[in-house]
Amino acid sequence: MPDLKTVLAEITAAMRAETTRGAVADYIPELRRVPLDRFGIAVVLRDGEEVTGGDADQPFSIQSISKVFTLTLALGRAGDGLWRRVGREPSGDPFNSIVQLEHERGIPRNPFINAGAIAVTDVLMAGNRPRETLAETLRFLRFVAEDDDIAIDEAVARSERETGFLNASLANYMRAFGVVQGDVEHVLGVYFHHCAIAMSCRHLARAGRYLAFNGRIPTLGAGIINPDRARRINALMLTCGHYDGSGDFAFSVGLPGKSGVGGGVLAVAPGTASIAVWSPGLDAKGNSLLGRIALERLARAMQWSVFG
Amino acid sequence: MPDLKTVLAEITAAMRAETTRGAVADYIPELRRVPLDRFGIAVVLRDGEEVTGGDADQPFSIQSISKVFTLTLALGRAGDGLWRRVGREPSGDPFNSIVQLEHERGIPRNPFINAGAIAVTDVLMAGNRPRETLAETLRFLRFVAEDDDIAIDEAVARSERETGFLNASLANYMRAFGVVQGDVEHVLGVYFHHCAIAMSCRHLARAGRYLAFNGRIPTLGAGIINPDRARRINALMLTCGHYDGSGDFAFSVGLPGKSGVGGGVLAVAPGTASIAVWSPGLDAKGNSLLGRIALERLARAMQWSVFG
Amino acid sequence: MPDLKTVLAEITAAMRAETTRGAVADYIPELRRVPLDRFGIAVVLRDGEEVTGGDADQPFSIQSISKVFTLTLALGRAGDGLWRRVGREPSGDPFNSIVQLEHERGIPRNPFINAGAIAVTDVLMAGNRPRETLAETLRFLRFVAEDDDIAIDEAVARSERETGFLNASLANYMRAFGVVQGDVEHVLGVYFHHCAIAMSCRHLARAGRYLAFNGRIPTLGAGIINPDRARRINALMLTCGHYDGSGDFAFSVGLPGKSGVGGGVLAVAPGTASIAVWSPGLDAKGNSLLGRIALERLARAMQWSVFG
Amino acid sequence: MPDLKTVLAEITAAMRAETTRGAVADYIPELRRVPLDRFGIAVVLRDGEEVTGGDADQPFSIQSISKVFTLTLALGRAGDGLWRRVGREPSGDPFNSIVQLEHERGIPRNPFINAGAIAVTDVLMAGNRPRETLAETLRFLRFVAEDDDIAIDEAVARSERETGFLNASLANYMRAFGVVQGDVEHVLGVYFHHCAIAMSCRHLARAGRYLAFNGRIPTLGAGIINPDRARRINALMLTCGHYDGSGDFAFSVGLPGKSGVGGGVLAVAPGTASIAVWSPGLDAKGNSLLGRIALERLARAMQWSVFG
């Protein structure tokens, strides 16, 4: 088995040198400003050791990676009743598709497409005010990431809101079928804000430990969720975590992972490591281009693929 | 860790006693005759030990499980060029849907839906005659299963052919776009015949060893495919192996698996075990109802889930 | 040619006696209260003669019939530039479908499905305030119907707004693509209000005269729109005026017509008559069940079909 | 009212001079050879007068215009029972779409899209041999067109068959649902052959007389179908006769019409005229580009629009 530090250093150098870097997300104006040349990676092992490369301590907009954490919290609140409102199947559609909602009476396919994450946000709110739900989400992230400075980037949240008509369309559609039950504006407000949370690779990798280690953070001695639930969230990340590129991510990387249009990816080698990578250039399906390549190299070098 | 023999005995007894067993596939007339009360399971470990339960030695129609083996052979023939004609993404559609083909210019989403497997069959034939391709497929299966009696059930093949108009529709559609390139009747003939191969759980589990053990059959000292390819086929089985129930199978079982409407499922615990289970009653999505439940129990009891 | 008075009397008697009357629209709560046994019909001829039957003077909620009038006004304002934002093809989908919008980048298929009418409303507003647009619409209807009491039923408008999440979804979707350009809430407000206009069959038939008589109201000596435009609106009513039942309406009735879920239908026998009918029970596609049957009888008896 | 001869002469001259002529259909190889500069038009009035312009006596491949005649014959055979297998609604899809079939259990939307016409062909065959059905179709056309030389262009039929995989896909799909009941190969054979019938504008306009004149050919004193049926076929031509361009054809021309990819259009001014036009260049939706423009001019000049 090669040395993790050496592997990360090699990957970081290779990714830094890469000239085909994808394109920064342009549909959220505020995200366009992020420099395309950034690359960071962080790995946290079971014993708490943290190995990083590149811009691993620079915060970026986690965007859809937040869907993993809100799902965790919503399952804690609603239990498996949540699955009456959200499916568990890959969608075969882009992240913001509404076609599937019409065909399936407003039930989103899974919690990691936009519609599903909006429904999960509604479950998580459960009558609470936006402010309370956001505070709870931040508290959770600060605890699992062991960083009290994690915060929402208000400029990004505002930018999302001002251009978030497709998400408003999805939310209203689900509201028509009773899948979203709360006030549409409030639900969207929370959704746009938790997508606008900024974190670094290091903190994100820490935050993913409870998924990598059977629901627990070993070094904290803290049980976050039960092992079954951690396993199931990992399964959802593998089948649905990269929108319509989920199959390809599983095929090439072989790890459960969740991407965000900010260019971040959280990935999990169950039992072994929690990993975060960041490169803001996206591929045609909205997933970090170099993020996937870096993870593919890492998984192969360390033989971390869950598939053998 | 519990004892595998004990676990299989308990699962077999529980599945035998189960009264909700799903419904036998009825769209292929010949399959309707299979008794609903059958249940078999077989596990082959790395050292070659075989542990079985119930009707593990009774042959059944492997149906779509054959898609795993024809994909293996077609990749051997065409290499990664195959992926120009077949995608690698879950479909979000039933196994026989044609809608996706129209939206994506005749390219099937993945090799495990019917359209994809027909395209793979066309790649595998590559100008050869139906008879030759079927002989090659049988030779392969007899070798990896270590059983020279594996054969095609001609009555089932005929039954499929006579009622296979949806598959003929898919094949002609892909032919219009050049995704299928050979003679449509010949391709369908081979497809219907390899779906009609009959195997027992024991032989099927043996046949899956090369996927479980990095492309090799350890006890034979035989390398079947390279480790990367085995890993990738496992990934495809996990994301696409149960049609529109793939997400749920990953969520509840956590193993790469491929189902067939004959009621069989081939599953793989990478590095540890190759597993076959058979119960002819299907759920609403065309996957073995008790097959999934048995695998869920097995994976949990043995802690074989790839997700932690 | 039979006598129109006799024909209408017979039709009215037959429709009164009919026991299969469809179901009152239930998705707008306020509309549920309308008694199912109502039936009215009114015909206005070129010379101004008005022949009526049943509840021809009782106002009802015109709902989607208003789309004809807002289209007329929006074309007056924007001219054929309107067709850059709205198509002219039948949709093959239910009135509130959003699937088509995703497939065609936010451009609604025609001005008579909900999405199309919302886009037309946006064109009609063109930066004006909701209040001004509604006042203009009412002024127009009062003039062409020669009735100063035509008004908006505020209880219906409120009811639509409170349950109008699908329409909000459509509007936001189009806003995302720049097809709707104004404030979504304002556009929806105007849309819900003009759907809630109440008119009687008599006034509705009068209002349709400009479509029946080449853009003019002969007895008023008033040119409303040019003949080409009247002809084209009639064509759109014929191909798209009954949602996914437009083909059947053309097939059985043979007249351009526009239905509303309040149970009204406005129909036009070009050169001969403007017709309004009302029966609140709807068929499975949301069109007045007896309204269609009454018009079929009328068109056959008077040989008014445009198809020979 | 202007003089018809003068109008046709002007239109013919204008169309001859037109440089934007669309593109000849290329998916049927044999049709590619037709010179793009051809233009013909023929009008037959109630009294039998025939006025023509351009290449009105040159035969061309009528293609989908044949669907009008096979529908007429199939209705004669099966009566309104035919509508249990074929719908009467515009499709909102291209002529060869299969998506709609999957959504509506194999029932094609209308008899004028390919799927619908294949189903109509199956109804028309009703157990007869291909040869008999084709003979019957030719006999009918020769009678209504008063021309004994009308024949099938075997080179075109062969060309369609060799490239007709999409149609084979549609036919097999409908066969799976029992909408097509006969032998798929035979039904397709007849379908490809009746599409390959060659006729001139003059003969096509004659053949349409029974639709223009209440089911009768006045000068022959022959009743072909009852007036209701003629009216209804006209309605279908108006709502569905130009595939996904039907709405636009109604909007701009205002006459029932049926186009073919050979560049022909049959149109009907009920009570007044039967019209055929031919220009082989097609628009983006597969309808004759100059054909539509010529008909729009004719309808406007003669005030023949059914919409006023």
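A, B, C and D label the chains in the order they appear, each numbered from 1.
The criterion applied here is as follows: contacts are C-beta pairs under 8 Å (C-beta built on N, C-alpha and C of every residue); 3 or more make two chains touch, one makes a residue touch a chain.
What you see is a predicted model, and the numbers here were worked out from it, not measured in a lab.
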| item | value |
| --- | --- |
| Furthest chain, CA centroid comparison against subunit B | C |
| Chain pair equivalent in interface to C-D, over half of contacts matched, among B-D, A-C or A-B | A-B |
| Distance from the mean Cα position of subunit C to that of subunit A, given in whole angstrom | 47 |
| Distance between chain centroids, defined by C-alpha means - subunit A, subunit B (Å) | 32 |
| Intercentroid distance (Cα basis), subunit C paired with subunit B, Å | 55 |
| Numbers and ranges of subunit B residues touching at least 2 other chains | none |
| All touching chain pairs, where touch follows the definition stated at the start | A-B, A-C, B-D, C-D |
| Subunit D partner contacts - residues on subunit B that touch it in the complex | 97-99, 101-103, 165-166, 168-170, 172-173, 175-176, 184 |
| Residues of subunit B defined as touching subunit A within the complex | 87-93, 100, 109-110, 211-214, 227, 230-232, 234-236, 238-240, 244-248, 250-252, 254, 256, 268, 270-271, 305-308 |
